[in-house]
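Inspection log for the structure reproduced underneath, given as structure tokens.
Letters A, B and C name the chains as they come in the text, with residue numbers starting at 1 for each one.
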Amino acid sequence: MSLLAEVRLVAAKDLRIEVRSRVLLAQVLPFGAIVVLLFAFALDPDRGILARVAPGLFWIAVLLAALLAIGRAFAVEQAHGARDGLRLAGLDPASVFLGKAAAIVVQLLVLEVVLGLAVVALYGVDLRGGAVLLAAAVAATLGLASTGTLYGVLAAGLRARETLLPLLLLPVLAPVMLGATRAFEDALDGATADAWPWVALLVVFALLYTGVGMLAFGPLWEDA
Amino acid sequence: MNATVAGADARTRLLPKGLGRAIDALTLLAIGALLVFGLVIAPPDRFQGDAQRIMYLHVPAAWAMYLAFFVTTLASVLWLVPRTRSMVWDRVAGSSAEIGLILTGLTLALGSLWGRPVWGVWWAWDARLVTTAVLFFLYLGLLALRAIPADPTVRARRSAITALIVFIDVPIVHFSVNWWRTLHQEATVFNPELNPQIEGTMALTLWIGVLAFTLLYLSLLDRRYRLATLEEGLAERELDAAIEARVAAASGSAS
Amino acid sequence: MSEPRPRGFAADRDASLPLTPVSSVVRLRTAVCLLGRFPALAGLDLDLDAGGVVLLSGPNGAGKTTLLRLLAGLLPLHSGEATVLGADLGVDRRSHRRRLALVGHDTFCYDDLTVRENLRFSARAAGRDAAAADAAMARLGLEPIADVVHARLSAGQRRRLALAVALGRDPELLLLDEPHAGLDAEGREVLDALLRDARAEGRTVLVASHELDRTRALADREVVVRGGRAYPVEAA
């Protein structure tokens, strides 16, 4: 089987499980939405702060929800020894990595669209710079999913995984948080020329960690 | 008996015993010299007064921090390359990361103590500060991972891989934070007004500080390495005992 | 690739693997395998030749499950030597997996997928086609519940599914861990037939079981595992 076919097999499996179980729709999405709502309690909506800091709040909500989605992606493999079954299958670990990361990308993009609409409506944001927003969101999501899949498998077999995953993942994602927020801010300010370098940073991050993931996922996947 | 003890002793050490002792002595000497130069001989700063003396600890601590993390990265690569794979590198990587994390904490704490009298705040959103803070959490995660018990090879492999993931992130964090802070506001910390040209006794004191912290790092690394080998030796002995106990218990119950 | 090989060596094997006589399927020498810090296998020796059914007996906690998982390449070898299907597990515990199947206590299946979807996924992932999965499903009598999701299956149905997953992989080496547990009388008949067929087809089967009489009737050999070590039993 070619790498692409294996990737598609794994990604389709994960997405089918998600469609059946609806954990993303029923739990992760509402979690992100309540975070968006809570920000309004923390930053008084009447003072106009929310619209100004909307990009940062949006990405924090996405980041927190992504932690749940990544945890879920590996919890699925943990039940009934499915992970052992997948390892026994003898798939190329790189395709397991890419397949699981691809499924996370799809889920996060859905999450971002819904949370994005919520932020626009609730915080009163004027939507501008669509191309930049789209490019930044896709690049940031790729970076999130690749690092998340890498650390997800690392933490998956460990007893303290729920607490270890955020500790490992969030510092590594600092540049993604920064780049995505700045790109969104510049795009919404109409300064698209300032935004593109940030998008480039996000793309570099995503490519780098996708490459690292394809190499490093195998040994981590086997060891747990 | 004595020969085997000596042999075991050599295997538990990173540096030969004599060299380790010499480094310990030199470390004490350099720290003494740093105290004398930093507190007595070097003149107070024209703008900052005595507060500037914190620099003689802060800058060397930051230097030693980078050295420690560089050694962690190098040792992790050496572990991952099959030709040079040895538990020596795993111990060096872990020991160095631990010392590096302490130095990072020290750098941040000293910077904060320095910042309070000079800028009037404990913390500023300066690019170097933010990068160092992220660095602290990156390596804190690595050490949390190392603390989880596992088969030694498994632990060594995932620690080495994580060390590389973290190391790759450092320049990206540095670059993005730098970009962020310089685009949006003037750099406040490394304002030339507040950091006049360092020369003469002050520069000499700073160099003594760098030497002292480098020696201190080596001394700590040697000790931490020895501790790691002794811990491993203990684990191996426990394993041998456990295997014996398991086999003995089984044959006892069978007869 | 075309270098001459001594006779009696597998012809279709990956040439990069070290050459081992085809008759040796498993060779363990003082194998130690750790679960955390506990030596679940404490210096175990075992030799298995190709073909035949071998019963693995021994009390609970003796290390039978660990042994099977080690052979499947799921656990790292701490020390000693282990060669399975020509692969040195100390170096590579992945490349031989496509040629074996393990039926463990778990089904290796996903709760939210149906029986058919689970079987097809595992067969495809192992490089087989959907037809192999469907054939295995028919063999275990799972067709009536083909579209039921795994989460809704009874314990007995899950045992049958686990066997079907293994069968769908068409393995040379079949590792069965307590395959009788949870099976009803009819299921046990099916299992016995599977074991007989597997032997007739020249597969090597290692069965860890507490159903001693039932399995002994089918087995060519018995090995007792006790305290993390293996002791051969003369053919009954």
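Heads up, the rule we're going with is that contacts are C-beta pairs under 8 Å (C-beta built on N, C-alpha and C of every residue); 3 or more make two chains touch, one makes a residue touch a chain.
Given the structure is predicted, the values throughout are model-derived calculations rather than measurements.
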Of the chains shown, whose Cα mean is nearest the mean of all protein Cα atoms? A
Higher number of C-beta pairs in contact (A-C or B-C) found for A-C
Between chain A and chain B, what is the separation of their C-alpha centroids in Å? 32
Whole-Å distance, C-alpha centre of chain A to that of chain C, is 37
For chain B versus chain C, what separation do you get between their C-alpha means, in angstrom? 47
Residues touching two or more other chains, restricted to chain C: which are they? 76
Can you tell me which residues of chain B touch two or more of the remaining chains? 150-151, 154
Pull out every residue in chain A that's touching 2 or more other chains. 223
Could you please specify the touching residues of chain A with respect to chain C in the complex? 1, 6, 9-10, 13, 16-17, 20-21, 76, 79-82, 84-91, 222-223
List of chain B residues in touch with chain A within their complex: 134, 137-138, 140-141, 144-145, 148, 150-151, 154, 157-158, 161-162, 164-166, 168-169, 172-173, 175-177, 179-180, 183
Within the complex, which stretch of chain B touches chain C? 149-151, 153-154, 235, 238-239, 242-243, 246-251, 253-254
Applying the document's contact rule, which stretches of chain C touch chain B when the two form their complex? 32, 34, 36-39, 42-43, 59, 62, 76, 78, 226-229
In the complex formed with chain B, which residues of chain A make contact? 147, 150-151, 154, 158-160, 164, 167-168, 170-172, 174-175, 178-179, 182, 194, 197, 201, 204-205, 208-209, 212, 216, 219-220, 223
